[in-house]
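Read through the structures below before going on.
Each of the two complexes below includes chain A, the first together with chain B, the second together with chain C.
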Partner chain A sequence: MAFLRVTTAVLLVCAARLGAQTGKASEAQVKAVFLFNFAQFVDWPPAAFPDTETPLVIGILGADPFEGFLDQTVRGEQLRGRAFQVRRYRSVEEIKTCHILFISRPAGDRLDEITASLKNRPILTVGDDDGFAERGGMIRFVTDRSRIRLQINPQAAEAAHLTISSKLLRVAEVITPTGR
Partner chain B sequence: MADLRTVAVATSMVFTLGFVCFTQPGFAQQPDSSLSGEALKKLSIEQLMNLQVTSVSKRPERLSQTASAIQVITQEDIRRSGASSLAEALRLATNLQVAQVDSRQWAISARGFNSTTANKLLVLIDGRTVYTPLFSGVFWDVQEVPLQDIDRIEVISGPGATLWGANAVNGVINVITKDAKDTQGLLLSGGGGTEQHGFGTVRYGAALGSRVRARIYGRGFDRDATMRTNGQDAADDWYLGQGGFRMDWEASSASRATLQGDLYDGRISQPSPGADIAVSGGNVTAKWSRTISGKSSLAGQLYYDRTHRDIPGLFAEDLDTYDVDLQHGTRLGARHDVVWGLGYRLINDRIVNSSFLAFLPAHVARQWFTGFVQDEIALVPNRLHVALGTKIEHNDYTGFEIQPSGRVNWRLSPSGTLWAAVSRALRTPSRIDRELFARVSADSFLAGGPGFHSEEELAYELGYRHQQGSLALSVATFYSRYHGLRSLEQVYVNPLAPDTVVIGNGQDGESYGAELTADYRVTDRWRLRAGYTELRVRVWPNPGSTDMSRGATESQAPDRQFFLLSSVDLPAHLGLAAWFRAIDDINNQVVPAYAELNVTLTWRPTSKVECSLVGQNLLHSRHREFGAAASPTRRDIQRGVYGAVAWRF
Partner chain C sequence: MSLRDWPIKRKLTAILVVISGLVLLLTSAAFAGYQYWSLRQTTRDALSVRGRIIAANSTASLAFSNEADARELLSALRADPHIVAAVLYDKVGHVFAAYPADVAGNAVPAAPGPDGYRFERGRLIGFQPVEEAGSQRLGTLYLASDLEAVYDTLRLSVVIGLAVMGVALLAAYLLSMVLQGTISQPILALAETAKAVSTRQDYSVRAPKLGEDELGALTDAFNQMLGRIEDQKDELQRHAADLERRVETRTHELQERNESLRRNAAELLAANTELDAFAYSVSHDLRAPLRSIDGFSQVLLEDYAAQLDEAGRESLHRVRAASQRMGTLIDDLLKLARVTRAEMRTEDVDLSGMARDIASELQRAAPERQVEFAIAAGLKARGDARLLRVALDNLLRNSWKYTAKRPGARVEFASVDANGGQAFAIRDNGAGFDMKYADKLFGVFQRLHSAAEFEGTGVGLATVRRIINRHGGRIWAEGAVDQGATFYFTL
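The block that comes next holds the complex of A and B.
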């Protein structure tokens, strides 16, 4: 009886608070801020911005893991006079103008296909799958002991004519893909 | 009635703690928590990387883990719980049965079959098996890993025999210590109190070149005696000194190596003069891993472990263990992830026998050869995965043994995963089963059975894991059938000969139950971790067996247990944690049900200093957790209070 009562109490408390709120510095929120910050550390070739009005587009390929934080983060922000825009894609074919592309988990499984069809387009690819950077992705979020580290594959970025600032490279783990 | 009341009082205390704190506004800002989106944007990349993110316990990446009843105890949980030893910290995993026997001995098992010589659990510390071939169990008094150095403890209940080493019949405990890069600088900590008389640790970590980080540590403690059931001091107080090091070398982004080791020496008092128990030992482990490409990785490990235990007049042992393991993982095509490995272990065990207790032969060298292979098949990538594998082992007692398993992991939604597993696991013979000879009384003997073979388990498991926002929930259910469990067979010689009991495989059994856990971050400052386990174990003698114990000597575990850890960050850099546990009675030992509470108050005036005040087992001045009612070695565990201070430079 006593055990039942205790368990019920716990479940009630959990149920009452469930959905009411989520952690404020959640993993999703911090990753959203990282994505936004990357724009400052990457130089795109001129062709990536056809005119001065072109916004800086952050795309999400596949399911959106950011719980709305990405839209919230870039709202009203500008970089060198350009506005930010968030777009969501179901397939690679839908991607037209895009500067930073987050490839979320289910889509990340077909990373080889995705990188093949993006080949040499100046899009910074970001993901959090295991081996993302080794398999041709440019930046991977690694959640390690409650902190987010970065792995960067500069070769993949170079191939897409992107220049990643040494300031960002310095704090990241540099990945050199081997065997391909 | 008294128990019911205690439970109710304790529960309301735990909850009030949380509610009182959170219904009152006006909290001081804590670092790293409750940062707004705007504040986050002002941080530099370095600051973002240093930010503690509040993701709920990370989803284990390997299917062998996701399709199993895994619980993870983090460093933060250990720190908040106020636990003072590894064994005590293991109480945070409700899928374990943990009972303190006396000042130094613990009975720890998963899914029942608990005893002071529990033999169905595999315990690894940084990949090193801490196991005695005497009874396939663990001497917990010499597994004193410094708690500050632990990164996390993964506890898997249920068979893990396919991927892990021998003995993983009912569970695996995997203690993982921090990388040397996470323990840089100087740490001084120490304290004392009523049950924890005194303890201190010095740890220093530094860089040796640009790619090598190292740490060294030294520690010691002195713990108070427990109490006899008649209220007299049990005179089992003890002390232990330990030191060690760890070096991590990041040779490149794809390859890394670790070298680590420990040395310890301790003395355990006994009531009769000159009978103090001496324990000492040491170990050294070298590990190396390399990612060959995005699709393939190779890892190797080598260790040596030495342990010495001297119980004057009864028994002394010197054990050397040499072990080497190699593991290779590779992706084949788009759907197959294959892992395979090979292992070899050699033990050299030397016993000094007495007229009461003997292992014959006294000196043995034994070896184990193991190999395993597992293929994880993505039937529907990222949604439905199946893993099939087997372990093949060769041991000197029973020759070749095969332990296969099949696991399915089905991701129903981004937040929910259903899993199921069927496994065969074996508890292979240990020295006690075959080579023991003990004089129980003047006219009775207990002897190992020369024909003792492996105990067999067939386990069926079904579980569900749910993770949404700041809540993580997990339920694991299981049914296991055991064949050939250890039995005590009465052997009739003639009316004048002494009674002889021989160890046999005369019992069968079954166990079933459910393990629930929840981890919930109610707010940024209030965290709850709760667990509840229901367990039934039934053991019966097979036809022809003369065992009368009905499992009483094999499984001593409560039918249910519950725990709740509630921790809150308070204003003025204070933190308060309450850790409540309620354990049902162990009826075959007549250990009554009990409930206990630990409370920890911490104060962190700066990020470099932490002071804490811990109350252990506060609800009763003394209580008992284990030991048969009639046993002269049954002990009472006392309430304790201790204070501790830690400085980081």
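The block that comes next holds the complex of A and C.
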């Protein structure tokens, strides 16, 4: 575990250096870590984990923007005895067991469709589209002068029976959907 | 003044104050020590609790790289002025956020140290892991607190302790000043009484009793002792007075007796003088008619013998013998009277030589007798030579006379030891005497033998006694019938 941590640290340092040179790579890396960290601040309903062996699944719907950093980040990690798994989906229908879903830049109205089809399922939806949180997504990464900030729509999470830690809410911008 | 010589009051007070001071000091020291230790523990626990709270709150900030939030969290530490520095390190140990915002880079560790809270260089520091339960570590929180709170409290408690000690010591001093009296008062009273007794010899004083404790018992015993001494002293005084009275009485009696003795002596002296004068005059006056009797008897025998028959001549012979014998008696009496009246001339006298003279004189007078004289050489005395010669002559003549019927007669003159003093002894192996008549030996005209057995007038030993007495000596005799006699005299 210590070895892994050191490895991760080294990789992160390398990545940070890379990031300093290429901002995009750094952004992908930070987002991968954030995605992984969400697991610590969100509680899923018991039904989300059929048994104790069930891994915590982080899914990517659509193109993978993480350049392999996500796989690196979760490798060997555990949360309350549960392993992590990264799955990639091309369509919403493929999604069976999933706890955190990154929705990669879908085109136009596709987002509303996706959120509608995932509605009430205990899946934490994360994206970085403009207005993602206002349009039914739960957490949006906002890139602000090389920083990644968070926007959270707690109502959407609540509807999906997810409990978002107040600590997470504190470091994020809370979005209340309007006109829906 | 050494401690040993302090008055008991001061000793008691000092003991009480020193003991209470020591107890207070030890108690205060123990309390301060305990307080210091427990304050450190408390401070550490408090910092650890605070660290855990901040760490728990800062997980999201670290997880999602929200430095503003982290700084805001840390800035809440302003409420505690003792927190001198706080730092949040991220997962890889870089400084993520620091408090105070302007803290110097070298004032805080560049990288987190081992987890835990500890005292270092007068500060309490702690490294607290930042992590969500059951998941990987997100970073480390560093907190540094000065120990002013501990020292402030400690200073305060030292000041309070000193104040309490001061007040307590003062109270102990005042209390001991009051309470030491219960112990020192009876002792001082005893000492005062003892001093009064020893300086004034006054045994009538009594120590006041102030309680029923051991000191009370001591006071009682002391008072009893004084009482006994007083009684004994009174008794002694009574005895002394009694004795004095008795001595006075006796002295008085003795004086009276002396007076009467002196009177008696004077009377006796007068009587003796009168008697001696009488004896002398009588003896003297008796000689003239006696000479006439003897002379005319002789004339009758010589001139008228033819006219007298044998019986007449025989009667005249008897008259002459009797008158001559009476003459001897009168001579002896005159001698005795002279001994009494003669004046004493004290000189050194050679008794041995005197005895030898007398012995040869006796031998010459009766050459037919065989008497062995054993006279010790060098016997000397101080006295009247003439009187001592009379005494010695009488005694030796006495022995000579009473050994007349003894073959192998022997007379000794020697010096003997009598009751530690020197005495002279004249011993013979003659007729001796019965000791029951020993006191009659020296009386005038007292004779133990008839004139027919041994001639004599009964005046000789009386004369000897007078001479010895006039010399201030003593004479006595020992003997037994037919066993000889010994005459002792001292001078």
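Keep in mind that, in the parts below, the second predicted complex is superposed on the first by the 152 of 180 C-alpha atoms of A that agree within 3 Å, B and C clash if a C-alpha of one lies under 4 Å from a C-alpha of the other, contacts with A are read in each partner's own complex, and residues count from 1 in each chain.
Convention: contacts are C-beta pairs under 8 Å (C-beta built on N, C-alpha and C of every residue); 3 or more make two chains touch, one makes a residue touch a chain.
From a predicted model like this one, the values you see are computed outputs, not experimental measurements.
Of the two partner chains, chain B and chain C are each touched by A:37.
When the two structures are aligned on the shared chain, A:91 is found in touch with neither chain B nor chain C.
After overlaying the two complexes on the shared chain, residue contacts for A:81 are found with chain C alone; chain B is out of touch.
In the superposition on chain A, A:168 makes contact with both chain B and chain C. Residue contacts after overlaying the shared chain place A:177 against chain B, while chain C stays out of touching range. Applying the stated contact rule after C-alpha superposition, one finds that A:29 touches chain B and leaves chain C untouched. Among chain B and chain C, the chain that touches a larger number of residues in chain A is B. Residue contacts after overlaying the shared chain place A:148 against chain B and chain C alike. In the superposition on chain A, A:135 makes contact with chain B only, not with chain C. Look at A:117: by the touch rule set out above, it reaches neither chain B nor chain C. In the superposition on chain A, the residues of chain A contacting both chain B and chain C are 5, 9, 13, 30, 34, 37, 41, 77, 147-150, 167-168, 171.
Contact residues of chain A toward chain C in the complex are 5, 8-9, 12-13, 30, 34, 37, 39-41, 77-81, 147-150, 165, 167-168, 170-172. Interface of chain A with chain B (complex): residues 1-3, 5-7, 9-10, 13-14, 17-19, 21-27, 29-30, 33-34, 36-37, 41, 63, 69, 72-73, 77, 105-106, 109, 130-131, 134-135, 143, 145-151, 167-168, 171, 173-180.
Considering their complex, residues 57, 59-61, 63-66, 69, 91-92, 132-138 of chain C touch chain A. On chain B, the positions that touch chain A within their shared complex are 3-4, 7-8, 11, 15, 32-37, 40-41, 43, 45-46, 48-55, 58, 61, 151, 182, 253-254, 291-296, 381-382, 414, 468-471, 516, 518, 520-524, 528, 530, 532, 560, 562, 564, 582, 584.
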